[in-house]
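Letters are used for the chains, namely A, B, C and D, taken in the order the chains are written, and counting of residues starts over at 1 for each.
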Amino acid sequence: MSRNALKLVTIGGGSSYTPELIEGYIKRQAQLPIKEIWLVDVEAGLEKLNIVGAMAKRMVKTAGLDWEVHLTLDRRTALKDADFVSTQFRVGLLPARIKDERIPNYYGMIGQETNGAGGIFKAFRTVPVILDIVKDMQELCPDAWLINFTNPSGMITEAIKTYGHWDKVIGLCNVPVMAMSSEPELIHKTLDELTYKFAGLDHFHWHRVWDNTGQEVTMQIVDKLFGDEDAGLPTNIFDVPFFKDQLENMRMIPCGYHRYYYRQEEMLAHGLAEYRDNATRAQQVTKIETELFELYKDPNLDYKPKQLAERGGAHYSDAACEAMASIYQDKKTHMVVSTLNQGAVPDLPSDHVFEVSAQIGAAGAVPMAFGHFQPAERGWLQLMKNMELVIVEAAATGNYGLALQAFTMNPLIPAGATAKRVLDEMLVAHRNYLPQFTDKITELLAAGVTVQDKVAAELTELVPV
Amino acid sequence: MSRNALKLVTIGGGSSYTPELIEGYIKRQAQLPIKEIWLVDVEAGLEKLNIVGAMAKRMVKTAGLDWEVHLTLDRRTALKDADFVSTQFRVGLLPARIKDERIPNYYGMIGQETNGAGGIFKAFRTVPVILDIVKDMQELCPDAWLINFTNPSGMITEAIKTYGHWDKVIGLCNVPVMAMSSEPELIHKTLDELTYKFAGLDHFHWHRVWDNTGQEVTMQIVDKLFGDEDAGLPTNIFDVPFFKDQLENMRMIPCGYHRYYYRQEEMLAHGLAEYRDNATRAQQVTKIETELFELYKDPNLDYKPKQLAERGGAHYSDAACEAMASIYQDKKTHMVVSTLNQGAVPDLPSDHVFEVSAQIGAAGAVPMAFGHFQPAERGWLQLMKNMELVIVEAAATGNYGLALQAFTMNPLIPAGATAKRVLDEMLVAHRNYLPQFTDKITELLAAGVTVQDKVAAELTELVPV
Amino acid sequence: MSRNALKLVTIGGGSSYTPELIEGYIKRQAQLPIKEIWLVDVEAGLEKLNIVGAMAKRMVKTAGLDWEVHLTLDRRTALKDADFVSTQFRVGLLPARIKDERIPNYYGMIGQETNGAGGIFKAFRTVPVILDIVKDMQELCPDAWLINFTNPSGMITEAIKTYGHWDKVIGLCNVPVMAMSSEPELIHKTLDELTYKFAGLDHFHWHRVWDNTGQEVTMQIVDKLFGDEDAGLPTNIFDVPFFKDQLENMRMIPCGYHRYYYRQEEMLAHGLAEYRDNATRAQQVTKIETELFELYKDPNLDYKPKQLAERGGAHYSDAACEAMASIYQDKKTHMVVSTLNQGAVPDLPSDHVFEVSAQIGAAGAVPMAFGHFQPAERGWLQLMKNMELVIVEAAATGNYGLALQAFTMNPLIPAGATAKRVLDEMLVAHRNYLPQFTDKITELLAAGVTVQDKVAAELTELVPV
Amino acid sequence: MSRNALKLVTIGGGSSYTPELIEGYIKRQAQLPIKEIWLVDVEAGLEKLNIVGAMAKRMVKTAGLDWEVHLTLDRRTALKDADFVSTQFRVGLLPARIKDERIPNYYGMIGQETNGAGGIFKAFRTVPVILDIVKDMQELCPDAWLINFTNPSGMITEAIKTYGHWDKVIGLCNVPVMAMSSEPELIHKTLDELTYKFAGLDHFHWHRVWDNTGQEVTMQIVDKLFGDEDAGLPTNIFDVPFFKDQLENMRMIPCGYHRYYYRQEEMLAHGLAEYRDNATRAQQVTKIETELFELYKDPNLDYKPKQLAERGGAHYSDAACEAMASIYQDKKTHMVVSTLNQGAVPDLPSDHVFEVSAQIGAAGAVPMAFGHFQPAERGWLQLMKNMELVIVEAAATGNYGLALQAFTMNPLIPAGATAKRVLDEMLVAHRNYLPQFTDKITELLAAGVTVQDKVAAELTELVPV
């Protein structure tokens, strides 16, 4: 690693989050001796890259820093000799996410970015790309650290480890960051006064908390969180409360995304209402993004605007910067990351990726042992991890039978003919980003499978096969 | 164990299956030196006990055997010095099963005897009774073998081992028996020419098959089973085909009950159609049973009538007889039973009950190691086993939070407010058989929870609280 | 597999055991439709091959069978289209075994064929040869079964599975056969009346026994075995009794070879006495073998002579024949074999070889689950299995550091400079059979390492480098 | 826990280490708001308690602190409402250690405080006492933390968790402290610039090290440590080098005590030479202690004298103070402690004690996941942990068969009649401290078993039975 002139590369540099990332770098200028920042994107994202890239340059300049900010579509040039590579790209951009939501919704199923059929297809589209990036990195920057926050972050990290055979990767999630930033004050503490232990999977983890006298305060936080007020919930998740009786049995704090599984009925109802209003989350985000990029165009804007917070996904980019600084400065910070289990949760295979409280330093992520889960949470966890393995293998191999197995296992997809129909329509809808499934898609097109939801169908038509 | 004068006790002796059991004994008269057969039932089952008991006596007499057949409501007298105790009772009789089906159906969920909400409640009602029986056995016949075929057989066996601390138990299931009796001819083989390896859970197992040249013939059987014709399916399961693509990925033969999970949509639709016709499976069975008992009353009937086959559950009683004979004669027979894992499926905890190909002899059941499952089946299996543990603990302790956790985990119950409503209504509906949940039920009754399905509500009213 | 004209190949066909093998075939003529028997050996074993081969032909002829018996040094011709390949060769013949015993003995350590330094070197010499054979089989008879009884049988089977990637292999051991043939009568039972459960490693297993009433009779057998009389001990093991207090805690029957570990002091003293008398076991066997081959030369001898029993290793060849017949006839026989764990002993890795009671049929070996060991036996077992893995990896790779690790772990070798000296002398002594260690041996020779024991040194000199 | 007036209790307060402990407290006066220090000892240690206690008072006074220092033989009064209890007692004092060394030495075996027969007997004597202490704590100070540094520290911690059912315990060892204090400078680093990962068992652990650029520097330290110079070795361990070839294969840094296992021959020779010189380590320490206590008597001595460093065991007491401060101040310090595995080393049972890098804070010890070991180290580790379990169970139950199993498993004891003789003599020699073995000892005395080593025999005679 270059000790005095870091080259930082971000794949998906045209993202609306880039200002948070730049802000994170600026905030850590004493910890990260940056020389070059490379923002990489694809042709389809060029306009956004130019807008947000110009803003990034303004932010750096205003901060009085001499960092070079490069905007490029040439990934390989960017990766050459990189020290840190962060990934925040979205294959197919927001239109793909709209399809991930609306196609399942059309058939009365939950459509969501990282869960259910949508999450599976986000993995299917992303895995081939990330494996390509890793291949480039093996050649062009074999000592670099890869900080992934492309969703579904846990599965993408699994693919990087298991199919890319790349060890220097840390997967990030903003959900624990949000919990740790909002919960302490609920019990009149600061974060420093608490010990957090998270474990589980990305967007499917639980945590327990102790105070500085050694007393467990998990249930105190539960009372505050799910009592009168709510807190720490990602903005993109509908706020239905958990069942008190269940929480009291669990004695751990579930994450926001557990709502999809513990209150499936209500989350579905909420999602379908948004669908009927032609305002699924991706559709809302598309609007927010348009506004954001309008803001970003302002040549006087040289700081992260407040409106970004509404976007959802806050803290991801800052967490990425913190991970880089922790590694570079060997800070041994506590962060919650996706990394190899190594036994920390003995209920899961030791050689696969999970999400856990870890110490982040120069030697990478060292997970803190969490011990066994109780049967209820263990059952969920083992189902979900195995489903992740099935999805990632299907994504890496293009095996249709495995894709169907994943759909069948997924607790948000009622198994049967309709589920298979959703799978098939989504293969057709995302066909431009699923090279691994080409044969099956050709067969489906020949059989006349078309997308039934009109919005999704239109977005599909825009993309020539 | 008495070597020359066996005392065999059946709890739930008034069952319509008793003739199959008696036939099984008669068939094995050379292997089982029976002196006494005790058929035990409860007050509510007395009439059926008398009818079927009289028939049992006729069958024994016609066979020219001098076995004593005792009919009794006094379980303790029956258990005294027993050699084999078999359990085939149904707590709450068929009306309870009707409620298990119709209450979930009312809310658009699968209602089924051993799966979904119905299966959970069958366990809730049965566990307290079986633990009482085991307590009696510890005192009255501490060396007896317990052959359980009361459903849900796997969970009941788990309760016997884990909460009853009784080791000499074998749990039975007729599904593997049916597979092994119907599959061989599909590929023009006899059972003797094949090697079967089953593993999984009761009503949730898979199997693989090899022929006598060592070639695996699993997929040949799959082709026959799920190609043109179907075979080996319990009569109580609607025949929707599995997805070919999924089977080809799985490369194992699922059991009939997997339909509820792999084709949930279709199974639900079928169940709801029966519900609307006021003819759920339990309602059909009630009718069949009435006819059966009419037949049994015929003083000339001294053999198992053909009509019993329609009842579903065929082979269970015969399997129980075979298990007794295998133990008594140390036959080292291959049977598929619920027993302690001991590592045979390393994906499941080694000290809990699962269902597996085992050698049955005087030393009990010795499971054959099956090895690891692939991720898709492993995920299902781990979810389901953990759910079983949650259900059994809830049943043994009356913990409502755990009951809610079980409902939330169950893949056939969409989690949320309606699921909780179903749980609450079922607690109320089955209140006479759920002493462990008394406090919660009192609270629910006070809150005015009542059963909404009219048929179930009427059956509930018949039972004074 | 040929169904009517089996081709059976034995590598190491010139062994003195071949008559037992031929007798085993003749005994099973109704089960094994043999057409050709191929006895393969190396140049150095040609004379013995011719003697024992001629005798084999006489035995077949006397039995009135038309089987072809081929004697050859051309392994590849023999392997072509073979149905069963059995391996009973000894790399370096008896002189190598003399060195395996005398070099450790010279330094006051146990010298033994399958344990201690000798066992490690037998593995080092054998692994490269067996991997060559497997390579030939992959090309010439990819559907054949490999029945290995070359020692150390467990480690050789491990090498075949892990480094040869050959699945159709069964490793055999005669020790369980001897136990099962001698123990039943001690408690006035027949083998059929007992259930045996063995588990552990080759030459390091324990067993438990139940009678046909389901009662465990393990400790009854222990009392008989280690009370007044001894039984079931291989002829090559000195008969020092186990400690009664230890056995009562163990509550399992150890195997004869456990004496080396549980009574190390006495076994060492006995071995050193034989060493001083110039009569180590290999030296005794050399004499017995010479006599045996004199007998075999007798053109009238057409049956297995009694004297072979003194040789040690009885039952190995018969077990090999039984394994072949069980596979070919799909007999589902209980045999104790080295095969993949698959969870049957959850204390050991599921994907490595161990020794266990298994059902042997057309589908191969199906291990019976044994469950967890108690800590004392578990500790021994885990040490020994890990040591086997280290030895096999060292044997497959020629890694000297690993060889030294194996010597350090071995409970029969006191770690330190002398142990390293023994390792080095043995590398030099066996240099003609250790191609994988060539570089290290060259270095040792350059450093002037020579064999100190005179007998071993002379045998080494006979072999030109 | 009292937040402003801590009560600290030390069992074995008369130890020569007490000044280090007091120094440690004084050093951390800002972190630990101490009110009372209670030094507890037994009658036989009263003289030492008075000497060292007086010195402790002088040290506190000189530091200008108003802490109360209480000296007492009344353990229960001391424990009442304690906040931290540290244990540093030696049952039987140094004469017992002399016997632990000399009795095995007499028979040509390694005699050592925490390894071999001596270590087993130290556990046998200590476990009953620590379980008594825990029983008192459950009654008198149920919220206190127990910081154990009585050896064998890992096994004592195991006994506290498994048989005492006490969770708030941390076991300490000074060996990792010494490694971390001496190694960094070898590679021109400070401790802050390195990441240490330790795992294994107390006195049987390995570690790996990374620098602040993320590069592993383990082998650089190995080169320095075992190249020209040695470092970080406890003063009580003879300095024989490890084999370079072995270390290069291991790629981890073993601990000093591994010498007993990796260079058993040389360690034995060294120990026997000391034995012949009548100067085993305990005999040397007795002399050092006498001198130390002479020093301590000096009414002007009010600081820890340099000579204590020669005593061996340096850093233990300081580590205890650091553990207390880390818990009290929730410092989340990296320390290497004995605690529950919880999966951190998946090769060992998750519910037992091992030694590991952990984060120490108010919530106790959180182990850092280490992942799987390679087979060589895994084999050693699994043997040793299982042996620990056998020893602790024997110590807790007085089961002689288990004691013999432990002796048989121990790699430093050649199994056989002499080993059993050593076991029996040591039972007799330590009879006053082994209430759990009373029956067996009575039997041995009746059979005339006496201690053969004269020095040990004399020490035994001093103690009336």
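Basically, contacts are C-beta pairs under 8 Å (C-beta built on N, C-alpha and C of every residue); 3 or more make two chains touch, one makes a residue touch a chain.
Note that the structure is a prediction, hence the values are computed from the model and not measured.
Hopping across touching chains, the smallest step count from chain B to chain D is 2. Chains that touch both chain A and chain B: there are none.
Chain geometry summary: the mean Cα position of chain B and that of chain C are 47 Å apart. Here the CA centre of chain A is 55 Å from the CA centre of chain C. Note on chain placement: the centre of chain C and the centre of chain D lie 44 Å apart, centres being C-alpha means. Counting partner chains per residue, chain C shows two or more touched chains at no residue at all. Contact annotation for chain pairs lists A-B, A-D, B-C, C-D, with touch applied as defined. Those residues of chain B that touch chain A in the complex are listed here as 243, 245-246, 248-250, 261-266, 268, 375-376, 378-380, 382-387, 389-390, 393, 399-402, 404-406, 408-409, 411, 414-420. Residue ranges of chain B in contact with chain C, taken from their complex: 1, 3, 193, 195, 197, 210-214, 216, 327, 329-330, 332, 334, 340-346, 350, 359, 361-364, 366-372.
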